[in-house]
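Structures given as structure tokens follow.
Two complexes, one shared chain (chain A), two partners (chain B, chain C).
== the complex of A and B ==
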């Protein structure tokens, strides 16, 4: 199935399932049945369906269609499960356990992951070179070492201490340290632009060789920033995926406990 | 039948790759030159030829011709139909990329023994505006016009890196790829824990041509294998390595111009390296993408991609290149 066909199929299936669930729910209400039991079991079934994506990824050798199709199904099933969940817990949300369940419910991380999966590749592709996250620390070290050499050589070349002093004061922390957690969460180009501007301001104090060293340092600032950006964006996605994955399993445990408690104390309800 | 270039072109390719395009193209053996008298019809029998045209001070690649494709028919048909006017020379140049076997059918044979028996509908359309006419000045065509909807830059990129040789080239759309490495993990899980490709490679626009065996149309890695371990499968057409007969001589790994064949340590069932009895050194064997042929169907790297970012395409087929990469790169 091609992309558009797959999307159409997923949307239609979700709408159909939702309509069918609401119709049955209406019927249960008419017959004064137990709404919670119906929505609860529907929720359980759809949540189990969400775990199929992990299973598909695990059993990649089985010929069950591309993972991309399963991911799309997972996303639409997630929307369906979220709506059934809201019907199940009612409004206002009753009790702390449901609150915990609501919190653990992975919808939030799932939605953010879905958005990031769409936006991240374009941001990464905008960088001229593609870096693998495993190689980034080694490349960062290499750039830092090169920058150190260039800055130190500038004073030896008779250009005075302008560049080396600036390097010591502003560039050394930039090249030799990791970016903050805030940068990992929301990477920006503020520091890169500020450093490039400050470096450009030094031009009036530099001779021909100094200008060449300055240009080299500017190029290295850009490379370091690209590396940091790639690292931040890829790490952010991996952390979020790990959180989503961990939450799904905590959710599974909470669901199991919830089901046991409900049936153990059914008479008291 | 004539042969152009060197069969073992990979050695020259490695030396030439860093040189300017103009210099590289000028060294490619010329099969037929634009502006010269159309002496015959060329049929490519093996290898690839660059169809190019002079553009300013350089050469612009219009297409690449592979096995079975022809050159010069349009000019010959035109000259036969317009026999009272001055004949048209070749409108484009044909150069050997690496190595080409080409058959030349002389003009007289074509016009007397072939063209009278071909339906008009099967012949190429009449040339409306010939670029080259004897005794008239030549005007450069605008760059954007192309027979295929493939960006000229992409075409030059594919030819310069000889990627058009690949029949199952792994292409990753970096504007879709989240770098989750699910493709690498799937590959590793199906190849005893060691992936047989690297998610890196030459990039043009959003397209990354990953370092995975391309199952080339002209697989130079097969040249000189002492045991014939690296071979082309008769049924599937894939280039495979027979693990039973590979002696780890590194010949294929060194001759692959794209560095897509790697030497890996042979391991036992428990993942421990097997050692040579005499030298006590690990035994090496050539390893490369086998398109998961042992499991049949489509490769697991492609099936595992959650974002449909990874495709396998036949770059020797310009139609397929145009369909898959053409529109995206142009937009």
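== the complex of A and C ==
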């Protein structure tokens, strides 16, 4: 199934399921039934469906189709479950336990993750080369080492201390240190542009070989910034995914406790 | 840039996404090919320890060595493995889950655990349940299984622990808290356009159990209105769908239904005749509005009381009628010739000796009915009880028998006092009703007995019938003689208008002495009720030889009790098995003249309904006010409506039927009468049929107001106006009592 067809199918299925759920909910209301019981069990079923993605990743020997398809089903089922969740708890959210449940429901992280999952590839595609997040620290170290060598050679080659002094003052912290948390959350090109501008301002003090060294340093600044950008974007995704994944376990526990409490207090257990 | 890409290097390590540990040199771009073990130990360190067989490396040392970085070349030295991404995620998830479980467990220990687990705050009226720190197991006050209360106790039972007074019939768990036969009655009687249940639903209706929580959803916060029920919920059974009260709601039929009026009042004649004659404005509020009180329909009442509403015009008329008192026991007159016929007539009062004459009041008729000889005599009395109007042939016998029975009655009461009086009344009532008097009737009898002065009867016996020796066997002769002398002297003094008062002393000398000491005593004028008994009471009428009772005015308890007794006997006619009821009221007492049996004409205005075992002796007399605890199907509060300028005139809703358009009203009546006749024929024996329909006709012909139209309400009650939800005008919890009020069965309409 092509991507567009798959998406269309997913959207249609989600809308259909939602409409069917609302229709049944309306009928339950008309029959003076317990709406919360209906929406609760619907929510539980859809939440268990969400856990199927994790199961699919475990069951690698079974031929259950590509993970991408499962991920898409996971996302649309997540949207469905979130809407059912809203009908289940009503608005405003009642009770501290339900609040914790809502938090642990991972809806927020899931939605953000879903959005980032769509937007991140486009942003990373702007970078000429793809980097694996595991390799980035080593690549950053290599770039830093190369930059150090270029700066040192520049003074040895008789171009004066202009580049080496500038490297010592401005570029060494840039190459040797990790970017701030703020950059990880919202990566920007401000520092890259500032450094390149400052480096360009040194041209009048440099000779031919010095200009060559400056050009090498400028290229390394760009590579380092690209690596940092990759690292920030992918780390952000990793953190969000870690939070999303980690909260699902708590969610399972809270759901179990919730079901027990509900039936205990309803007098059914 | 000299960093070598690992994917092109076959000697480089391959990614292991499922591995828990990653080589510590991976971050430097030089991971080893083997990678760390599953326990996170560097494989080089493990290999080295195996090859060199380091005996001194103990297990503890190996733990310390785990992750230690060795000195030497970068590729030949062990590294400090790091956790892989998925392993880190799993560890984080596990820790979070443990933390979450721990928090939940810790919270269960704290006494304030309810605050955490409660799924939202309770409504204002229930907030004290959780806010109350005096109770330990607060949840168990509403939730049965939380603290092992047992499966036999349901949540509804716990609700009813507190709400049984508000909704006493809710334990039935049926629609509108009604019994099955009541539900069937509704479906049979209410027009189908009002209650249109889905096919098959009507059969399920009485099999379907309801519970409190179906509609009253708790834990939605303090501001949540527990009674707010959506229109859709009502329509889950009432399947007739309509958009709103404005569009599609069934038209009113005979609303507001006046039902049975306990106080008769002709609005039309008062408005058009009496008030006009007095040049007064006919203001509804004068008789119906009491801003100091708040009733079930607001501050408007059926009546605000006689003094406020009627007294200004009617109190003088009532007072004048009662001024001379009610001669409820009058000595019958006999001719001289009859005095020798019986020993009981030998000392007949001289004032009652000339011809067969005198009136047998309703009270006397009832009291005499216990006498077995009266069974053939009383039916021969005319309605008025006038002996002179008995048929010529029967008159001597009837008069003599009544005189004999009267004589025995007086003697009995003189000897036995209130006890004998009460016994007589009880026996008479039992005889007339064919059953023991119920609680209410017993209370009536008590009211008829309270204050009855036995000395009046003793006086009658001693002075009128001259039988002092026979009734005072135990008294000394001296005392009897002196008593008789005193009474005779008093009578003589009174008759001759003597000025001296002799009563109260046996010693003439002391009287003379006291006369000398005290100032001049007043003359004793003839006893006049209007002058001597302005506040009411008993006295002997020496002129007519009668025991008279002067009422206190409106709402006199003695007259009211007699009137109600009369009403009970009237309404019981034909129902009792005994034949003696015909002795007391041998004719059909449907005309107003019979109501004059008891003075004061109480029953002209007070239309007493069915008597019941009500504790309140005045229950049938006051204007019927529905208790706040009784919920009808519809509810209405006048108070807010009277503040709206457009509708604060009562006539906006309660329009008096104008005379020319009475046909319409009568047409309504005819239709209702036809329906009622059809039902009555099925449910009642033919003997009772006409009586029942007459009552019905009386009620409906007294309908003086034009039935309201829905459009009158719709003028304000729209979704964007005063609201038009179902529960704004309708109650769900009705119960049997509310059902009876709604259908008029409780107050005697029987529809």
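Keep in mind that, in the parts below, the second predicted complex is superposed on the first by the 266 of 269 C-alpha atoms of A that agree within 3 Å, B and C clash if a C-alpha of one lies under 4 Å from a C-alpha of the other, contacts with A are read in each partner's own complex, and residues count from 1 in each chain.
The rule is simple: contacts are C-beta pairs under 8 Å (C-beta built on N, C-alpha and C of every residue); 3 or more make two chains touch, one makes a residue touch a chain.
Just so you know, these numbers come straight off a predicted model, no measurement behind them.
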Partner chain in contact with A:264 - chain B first, chain C second, else both or neither: second
First (chain B), second (chain C), both or neither touched by A:223: second
Partner chain in contact with A:31 - chain B first, chain C second, else both or neither: second
Chain B versus chain C, judged by how many residues of chain A each one touches: C
Partner chain in contact with A:117 - chain B first, chain C second, else both or neither: first
Touched partner set for A:241, first chain B, second chain C, both or neither: both
Which superposed partner A:141 touches (first chain B, second chain C, both, neither): second
First (chain B), second (chain C), both or neither touched by A:90: second
Chain B/chain C common contact set on chain A: 241
Chain A residues touching chain C - in the complex, by the definition given at the top: 29-32, 34, 90, 92, 94-98, 104, 134-135, 137-139, 141-143, 145-146, 220, 223, 238, 241-242, 245-250, 252-254, 257, 261, 264-269
Residues of chain C touching chain A in the complex: 1-3, 6, 15, 22, 26-30, 85, 88-89, 92-97, 99-101, 104, 115-121, 139, 143-146, 151, 154-155, 210, 214-215, 219-221, 232-233, 235-236
Touching residues on chain A, where the partner in the complex is chain B: 3, 57, 60-61, 63, 65-68, 70-71, 116-117, 120-122, 124-125, 130, 132-133, 234, 237, 241
Of chain B, residues touching chain A in the complex: 173-180, 182, 186, 189-190, 199-200, 203, 206, 208, 295, 297, 300, 302-309
